[in-house]
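Order of writing sets the labels: A, B, C and D. Residues in every chain begin at 1.
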Amino acid sequence: MSILVPGRITGLVVMAIIVVLGIWALERAKRGKVRAVRELAGMAGLRIAAGRCAEMGRPFFHTTGHGGGGLYTARGPQHMAGIAILGYIARLCAKLGVKAVSLTAFPELIPVTEDTIRMAYLGEGKADQVKPDMVRFLSSYALAFKQGYIGQLTREKAGAASLCGAIWPSDALHMSEPGVIIGAMQIGGAIDTDTLSMLALTCDYVFLGEELYAAGAFASENPTQLSVMFASDIVKIGLVLLMIFGFILSSAGVKIAQLFTI
Amino acid sequence: MSWIRGKDVPVGIVFICGLIVTVAYFINVPAVVGVSEAIQTWAVVIAGFAIGLGVVNMVVFHSDSIRKRASGQWPYSVVFLVIFVAQTVSGFFDLAALKNPVYVWLYSNIFSPLAEAMYAILGFFIVSAAYRAMRVRNIETAFVLVSGLLVMLTNAPIGAAIWEGFPILGKWILDVPTTAGNRAIFIGTGIGTILLGLRILLGYERGYIGG
Amino acid sequence: MVDYIPLWHAFLIIGVFSYALWRESPYFRFCEHAFIASALGYAVVMAAKAIITTAIYPLSKGEVIYIVPLVLGFALYLRFGKSTLWISRWPIAIIVGVGMALGMRGVLFAYLLSQVQATATMSIVTKDPLTNFNSGLMLLTTILILMFFIFTFLREAIPGSAISRARFVSRCLIMLTLGAFFGSITMARLTLIAGQIRKLMIAFGLLPA
Amino acid sequence: MGTESKKPRSVWERLEHMDPRISYWLLIFVIVVPFLRPLGLPISISKETQSFYNTLDALRPGSVVLFDISSGPAAYGEIGPGSIAMMEYVTVVYPGRHEGGRLRIAIVSGGEAEGAIMYEAYARPRLEKAGFQYGADYAWFGFIAGGETMVARLADSIPSLLRNDFFGTTIDKLPVMKGVSNYKDVSVVIVWDSVDATAWYVRHWGAKGVRVGTVCVAVEIPAYITFYRSGEVFGIIGSSRGGAELELLVGKPGVGVATTDTLSTSHLLVIILIIVVHIGLLARKYLPSTGKR
């Protein structure tokens, strides 16, 4: 009986490599060695959307979606990435005098989003513009949440909407199609491919898969945080080499499947 | 003792909880696994309490709107409060079996039909999204059209009736390029999730606790 | 006595559909508020049930440790007081920590390792040439799309260069993937609406129940 | 793209940017018509559905069936036809074909808390109507948290997880659960599934030889076909199409059969709309008179 759970050792090694590379990149950035990162089109999309809201005098809606699970479930990271993007939106809105509205599906997201919005407005010196109705809880029941979202989005004629976070397949179209119908500019971001298929067809800009997390790092506007993208790239290149190598070995008749489940 | 009010304490809690729950996944030490399970149970209980924050958020909004007679809103706020109170109170009357007749009536005649209708409205949205989004504006969108159409003709019974080849082609698209594309998106996401977790556990990202 | 229930259901269904078929109206707004109110009541009742079974019940059996989550749960409400706001962030921190860990654990195998494994264990030496072709194509597709997500290397994409061409191909492949997913979702959604329309037709006596 | 219309537009442009509401009304039309006048497109019974029926039919009266409702009302449109047909089979057809003998049914909800709604709406009324006795013929244990972990533990010890039924009665007071201690005492598992719960049972019960039948949503079918071929799954009632097939087998054509026609017409509508939009797009691009805006 070993201390390590059998079958998960390879996983532990991979996770350890990613974590060590991540820490290395963060430390490196703290010493001032920052690698330039290709900016995502969606970040520009957020800025354009905020500008559009300011021009039209309409609010900017944001939601991290329902996703079938709240902050304490495995959907947590997606909600957190969405909240980081909310911080960016709120800063843009504070600068331009636009009302940022965050609709949440889980009550535990209320304090988190409230703090995020307050910090963003505070950072721009506009703490007085924070209104209690900027953070609205709708329902922890997915369909009720979406009906509330549709209703509020339509009634307040949002100029733009950001659907970034734990959007799940059935959320996506419910929330993005009404946005198209009222003519709001939309930025979507999710990790599930079926969700993305719908967001990509209905939103003006999309954060695809990993880009959602990258957008979270961009949103911090902090070069140290962005530096984890460097670690991510190294891992990806390593995995590509691993896949090619494995493919060659497999074609040569070597059985490598069990290596993944040590 | 001013540090205790600062942001380092919550960040520390995030780090410790995250570390224990992560490590417990990999190791066979009953003590660690037990603590990890306890923390997860705590999180569930805390999240249960959080519903009260939601109640406060919504009840404040709606009672405000009634008090101010907010135009176009206050009658609906009345509807909201009446149904909410009825559903909650009747639920608490028989919390064990949830058989209070008012609760059951509201459940099966407000909640259920609206949930079904709300889900079904997607049928409308998928039609308009399909014909609008599948317009070929450039080469990339042509790929959306071709693969989308082929898969639809695979699923609908009518596809095979038009040409037997549709299901075969559609199946190939789902089995080969789509599976591969999905894999790549998954791999990227996996790496991204772990690195985001790292940033948050180490406290680089702390806007969410007002830091 | 007339059975008014199907008609009442029809009233609600049409109220929801009126958003799509007509536009946002008082009718839809009524349905929206009724639904959210009922859902909130349901959520409160379910949360109470969950707290009783997961914490209060074991506590009453003498497992004193369950006092901790109960206290932390109440601590959430300290955010309404300015001087106690800081305490309310501790329970939130537990929630965030657990969520992050579960997320990291959850993606490791399902998203990362099993996908790498599935790609790395394909081979091109089977007897069927189509399978070989498919395997090769899948490897190539996976790698091309994965390279699309490279952010720090090869940033300069001069039009016409190899990098920008590769990126274009990956974009096309991503679109192909997304289109196929979209197509496969369509059937399920169309089934749902057919069911609701049938319910309406029954309520109005157009179809036998 | 929005419905808030802009300047006057040409016919072609209007075709290209059609008001979504037109398409919605068309959709209603193409669904209503086949309901009123069924097109009667032939429905062939798939192997998976036939096997679902045959396996249940071969069970001896008194066999214990573990029945997991892991789907909520939202998926009802897809699961509904199959689940109604299945309940019809269990409550009416099976006793009719086995001289009044009944199956013993233990009902839980392992994957979806809203399974309780499905139980109340679609399982209990039909069981009661057919004269099944609560406690003697069936028992309801409610939602049991834990997902796949719960399913795995359930295989090894049923009484430790299903200590009480939903109403608080202990399991030893329920005759239907008499002598049921682990997977060996269960003949088959049936899952109404919209959350992947069938795969959990396949992994933890199927591996031990208890076969699983599923009434599932369309997106899950490809994965479960793999299990069907390898034998862990004995039958699949996939979406409303599978429901239609089971309805025909049970001898009560209903929602499923009617819905299958609408699937064909509504898909056809989507495809026609896509073609119409492209006619508008191409005309605007290539017909000289309309200009490019």
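Couple of notes before you dig in:
Criterion: a contact is a pair of C-beta atoms (placed from the backbone, for glycine too) under 8 Å apart; a residue touches a chain by one contact, two chains touch by 3 or more.
Computed from a predicted structure; not experimentally measured.
Centrality by C-alpha centroid: the chain sitting nearest the overall protein C-alpha mean is C. Among the chain pairings, B-C comes first (most C-beta pairs in contact). Each chain's centre was taken as the mean of its CA atoms, and the one lying most distant from chain B is D. For the pair chain B and chain C, the distance between C-alpha centroids works out to 4 Å.
Averaged Cα coordinates give chain A a centre that lies 13 Å from the centre of chain B. Mean C-alpha positions place chain C and chain D at a centre distance of 20 Å.
In chain A, the residues that reach two or more other chains under the touch definition are 8, 11, 15, 70-72, 77, 80, 108, 111-112, 140-141, 143-144, 147, 155, 170, 173, 178, 180, 193-194, 196, 198, 201, 208-210, 214, 232, 236, 239. Shown for chain D are the residues that touch two or more other chains, namely 1, 3, 20, 24, 27, 74, 76-77, 218-219, 263, 266-267, 270. Listed for chain C are residues 16, 19-21, 23, 29, 31-32, 35-36, 38-40, 42-43, 76, 79, 89, 92, 95-96, 98-100, 102-105, 107-108, 112, 116, 119, 139, 142-143, 146, 149, 174-175, 177-182, 184-187, 189-190, 192-196, each touching two or more other chains. By the touch criterion stated above, chain A contacts chain B in their complex at residues 1-5, 8-9, 11-12, 15, 18-19, 22-23, 26, 70-72, 77, 80-81, 83-84, 87, 106-108, 110-113, 115-116, 118-120, 132-133, 135-137, 140-141, 143-144, 146-147, 155, 170, 173-174, 177-178, 180, 191, 193, 196, 198, 201-202, 208-210, 212-214, 216-217, 220, 222, 224-225, 228, 231-232, 235-236, 239. Here chain A touches chain C in the complex through residues 8, 10-11, 14-15, 35-38, 70-80, 108, 111-112, 138-141, 143-145, 147-148, 150-151, 154-155, 169, 173, 178, 193-194, 196-198, 200-201, 208-211, 214, 229-230, 232-233, 236-237, 239-240, 242-247, 249-251, 253, 256-257, 260, going by the rule given at the top.
Those residues of chain B whose C-beta lies close enough to touch chain D in the complex are 96-97, 104, 107-108, 112, 115-116, 118-120, 123-124, 126-128, 130-132, 134-136, 145, 149, 152-153, 155-159, 161, 174. Residues 1, 16-18, 20, 23-24, 27, 41, 72-77, 117, 120-121, 166-168, 218, 222, 241, 260, 263-264, 266-271, 273-274, 276-278, 281 of chain D are the ones that touch chain B when the two sit in their complex.
Interface residues of chain C, counted against chain A in their complex, comprise 16, 19, 23-24, 28-29, 31-32, 35-36, 38-40, 42-43, 76, 79, 88-89, 92, 95-96, 98-100, 102-109, 112-114, 116-117, 119-125, 135, 139, 142-143, 146-147, 149-153, 155, 174-175, 177-182, 184-185, 189.
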